[in-house]
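Chain naming follows the written order as A, B and C, and within any one chain the residues start at number 1.
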Amino acid sequence: MTVLETLLSGQLLFAALVTGSLYALIALGLNLVYGTMRLLNVAHGEVVMLGAYAAYWAFTAWDLSPLLVAPVVAAAGGLLGYALYRGIFKSLLADSSAAQVQRMESNSLLLFFGLSIVLQNAAALVFTPNNRAYNYLGTVYHLGSVSMTGNRLAALCVAGTCCLLVALFLGRSVFGLATRAVIERREAAFIVGVNVDRVQWLSFVLGFASAALAGVLVSMLGQFSPFSGFPYTIAGFIVIILGGLGNAMAGLLAALLLGVIETYGVALTSANMRSMLLYGAFVAALLLFPNGVFARRAAAR
Amino acid sequence: MRDLFPNRWWTAVWLSCLVLLAVLPFFANDYVVGIGLSVLMWLALTQSWCLLSKMTGYVSLGHVVFYGLGAYLVVITWQQIPLPLAIVGAGVLAALLAALVGLPVLRVRGPYFVILTFGLAELVKYTITWAESASGMASRILFGAPDLQVIYFSMFALAVMAVAMLTWVGSSRFGHGLRSLRENEEAAETLGVPVVRYKLIAFVLGAAIPGMVGGVMALRSTYFVVGQVFDPMISVTVIAMAILGGGDNARGPLLGVLFLSLLSELLWANAPLLYMVILGLVLIVFVLVLPQGIMGLLEGKKAPDNQLPNDAAQASPKQGGTP
Amino acid sequence: MSALLQIQGVGKRFGGLQALEQVSFEVQAGQIVGVMGANGAGKTTLFALIAGNTAPSTGSIHFGGRSLAGLRADQICRLGIARTFQIVKPFPMLTVLENLRTAALFGKAQAPDMASADKAAWQVLEEVGLAPMALQPAHTLTLSGQKRLEIARAVATGAQLVLLDEVMAGLTPTEVAQMLQTLRALHTTRGLTLLVIEHVMRALMELCEHIVVLHHGSLIARGTPAHIAQDPQVHAAYFGDSP
C-alpha cells in the first residue's frame, strides 16, 4: 500500500476508531481516580485484564455472551474499586501533611505498581501465562471497502456509548458537577458542602467498573494474557496527560488521536514500531507537560 | 564513614560480608559463586540507585536503562575493542545518556518523574529492539567471554565502588545539599543550594556504575537478548530492595539486597511467578506500612532516616536542655 | 552612600493579573523597613522577585550596586539576600540543626565544611532560642518554633539583607513580644538589614523605622510609622475604598 492509500484507508480508520474508543473508556476510568484523588493507578490495566479473563471464562465455561456478562463484570470491578478505596486509600490520603503530598504521590504510585505486579503474576500463576482468545460475533460485515467484524463493531458501540454517558453525567448531572468540583479544587469543594468522600468512592467505583468493562470488550477482539493489561495503562496515561484532567471531551479526542497515531503509525512503518511510538508519545507528553498539564491545580492543592 | 559503621554490629556485618564475598570463588562451586555474583550485582545497582532516588527524592523507575545500555555497548563492540575499555565505555555511555536527558527529565516532579523514567527506559528498550531487528540481528552471540572468576571480581569492585560512592556523597556537602532539596526544593534553592546542577550531578553519578554492571553481566550469558537487559523488573527489584532496606545511606540497601537475593534464590528455580508476586507485595507493604524500611524498624522511627554522622558528636556548650 | 537595595519601576504580571506595578523604593544598609498592605497587594510577590524565586516583568532590582536580573534564587542567596516563607517551608525530616547547616553551607557564608557550618548554626540557634530543639526533626516543632526556624535559617546563610514574610502571623501577644526582641537582637548583633512584611500592626510600627505601603500592586505611601499612621491615602485604602 502506498502512503496515500494507507492514509485514506477506511479499514485503518475503522481500526483506529475501535482502538481509540477503547483507549477513551480506559482513560476515563484513570481520569476519574486521578482527578479526584490524585492517585495514578498504575494497576488500571490489570483491572482491564481481569475483566477480559472474566469474560473469557464466562464464555468458554458457561457459554455466556460477553455482552451479557459485561454489566456483571463491570459491577464486580466497581466493587473491587470500592473495597480498595475503603480498605487502603482513604486512610492513605487522610494522613498527608502539605509538605509530604508529593512524596506520598510518588509512594502511592509505587504502591499501585506493586499491585500491578502482584495482579499480573498472580493471574499468571492462576490462569497460566498463555495467551487466551475466543471467537464471538466473528461474522464480517461490509461497508463499502471496509470489512468490520461484529465484535469490533460491538466494542466500538459499547465503548462509545459508555464514554458518552459518562461525559453527559459529568457535564449535566448535579453529581457530575460535584465530581468536577472535587477534581478542580478539592478543599473548596469540601467547603461548599460537596460530600467529597462520596465523590471519591464513586469515582473509584466508576473508574474500576469502566476498566473491567473495557476488559470484556478487549477479550472479544483478540488474544490476551496476564501481561496484556499494562500497555493499556500506558495508553491511558498518555491520554489523560494529553487531554487534561476532568475534561471528558478533550480526553475523548486525545484517545482517538492516540488510536489514530498508533494504527496509522504501525501501518506506515511496522509492528515493531508500535511500542516505540507508544512510549515515544508517552515520554514526549510528560516532557512537554512536566506537571501533567495540571501545574496550577497541583499548586492549589 | 560513620554512615557505614555507626556501631560495632554494623562493622561486623560489613566486614563479614566483605570477607565472605571476597573469598567465595576460592572455595565454593560455580553455582554458589553465581549467587554471590548476583548479590554483588544487586548491591551495586541498588546503591547507585539510592544516590539519585533516596538522596534527592526523585524516585526513578527506569534504572535498568543504564544497565541495558552498558550491556548493549559491550555486546556491539564485542572483540573489536579491549574488554576493559568496553566496560569503562559502558559506564561512560550510561553517564552520557543521563547528562543528555537529565535536564528536561529532572524538571518533572513527583509521580510524573517516576513514570517518565519508566517510560524512558521502555522507549530505549523498544528503540534498540527495533534497531536490532531492522539491521537483521535476531540475537547476538558472544564467544570467548572471560571466566566466572574475572566476572565475579569485576562485579566485586563495582559493588565496592558503589558503596563507597554513596557513602562519600552521603557525608559530603553535596550530599547535604541533595537531602535539603529532597525535603523542600524551593526552600533549598532559596538557601543557596544550586538545585538544578546538583540533581543533574546525582543523576549522572548514579548512572555510571549501572552501566558498567550491565557491561559485566553481558559477559555472563552467551546470548544477548534486548528484552532481558532492559527488563523493567530489574528497576522494580532495585526499588524493592532499597525500600525494604530503608534509609538513605549504604546500610539499608545491604539489608534489602541480602534479603531479596536470598528469597529469589529460594524461589526462582521453581516458582518465579511467586517470587514476582512477593516482590509486588514487598512494594505494597513497605510503602503502606513501613516506609522507613527495616532500618527504620531497627533504628527506631523517631530518628530521621538520614542521621548525618556529625550530629551526635557535635556539642554545643549548652546542649542538653529539654525540647 | 548608595542604597543597599534599589527597587526601580518593578512590575510583575501573572497572565491577566498585574500583581505589581511601577514599584520603586530603596533600602539603606542597616535599616529595618516595613512593607504593608492588604492581602493581594503584592507584598509576597515583591519578596519573590527580590529573592529570585521569579523574575520581574518590568523594572530592575539592584543589590549592593549589582543588578539581580537573570540571576537564580541560589545565586541571589549567595550574594547576601535571604528570605522566609509565609507558609513555612522547613526541611521536615532533617533536624533543626541540619536545616541551618544547609543555610550555612550554601548561603553567602559558604562554610567550607560541615564542622564550621554546624558551629555557625549553633550560634544562630542560640540567638533565636532554638538550641534546645536542635536535634529534633523540624516537623516536630510548633508553629512558633517553625517560624523561628525560618528566620534562623535565613540568618544562618550569612545574608546581609533578610526578607521576613509575616513571621508574626499566628503568634500570641507574648510570642510577638519575644519575636520582636529576637529580631531586634539579630539586627543589632549581626548588622542585618531587614525588610519586613507584617499584618500585625503593633509589631510593624514598633520594629520598623521606615514603612512602604502597597495597594493593588502600587506603592501608595512611604514614610515613618507615625507618618504612615496619619496618611490619608493609607486610611482610604484600609478603611475607605476597600477592594
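As a convention for this text, a contact is a pair of C-beta atoms (placed from the backbone, for glycine too) under 8 Å apart; a residue touches a chain by one contact, two chains touch by 3 or more.
Small disclaimer: the values here were computed from a predicted structure and weren't measured.
Q: Taking each chain's centre as the mean of its C-alpha atoms, which one ends up farthest from the centre of chain A?
A: Of all chains, C has its centre farthest from that of chain A.
Q: Name the most central chain, where centre means the mean of Cα atoms.
A: Closest chain centre to the overall C-alpha centroid: B.
Q: How big is the gap, in whole Å, between where the Cα atoms of chain A centre and where those of chain B centre?
A: The computed centroid separation for chain A versus chain B comes out at 32 Å.
Q: Which integer distance in Å separates the CA centroid of chain B from that of chain C?
A: 41
Q: So what's the Cα centroid distance for chain A and chain C, whole Å?
A: Each chain reduced to its C-alpha mean, chain A and chain C end up 48 Å apart.
Q: Find every residue in chain B that makes contact with two or more other chains and list them.
A: 183-184
Q: Tell me, which residues of chain A touch at least two other chains?
A: Within chain A, residues 99 contact more than one other chain.
Q: Show the residues in chain C shared as contacts by 2 or more other chains, in ascending order.
A: Residues 89-90, 92 of chain C touch two or more partner chains.
Q: Show me the residue ranges of chain B that touch chain A in the complex, using the header's touch definition.
A: Chain B residues touching chain A: 57, 59, 61, 104-105, 107-116, 119-120, 122-123, 126-127, 129-130, 133-134, 183-184, 233, 236, 239, 243, 273-274, 276-277, 279-284, 287-288, 291.
Q: In their complex, what parts of chain C are in touch with chain B?
A: My answer: residues 51-53, 72-74, 77-78, 82-83, 85, 89-95, 97-98, 101-103, 105-108, 113-115, 118, 122, 125-126, 131-137, 153, 157.
Q: Quick one: in the complex, what on chain A touches chain B?
A: Interface residues on chain A, with respect to chain B: 40, 42, 88, 92, 99, 102-103, 105-111, 113-122, 124-125, 129, 234, 237, 270, 272-273, 275-276, 279-280, 282-283, 286-287, 290-292.
Q: So in the complex, which bits of chain B are touching chain C?
A: So the residues of chain B touching chain C come out as 171, 173, 176-177, 179-180, 183-184, 186-196, 304-306, 308, 310-311, 314, 316, 318-319, 321-323.
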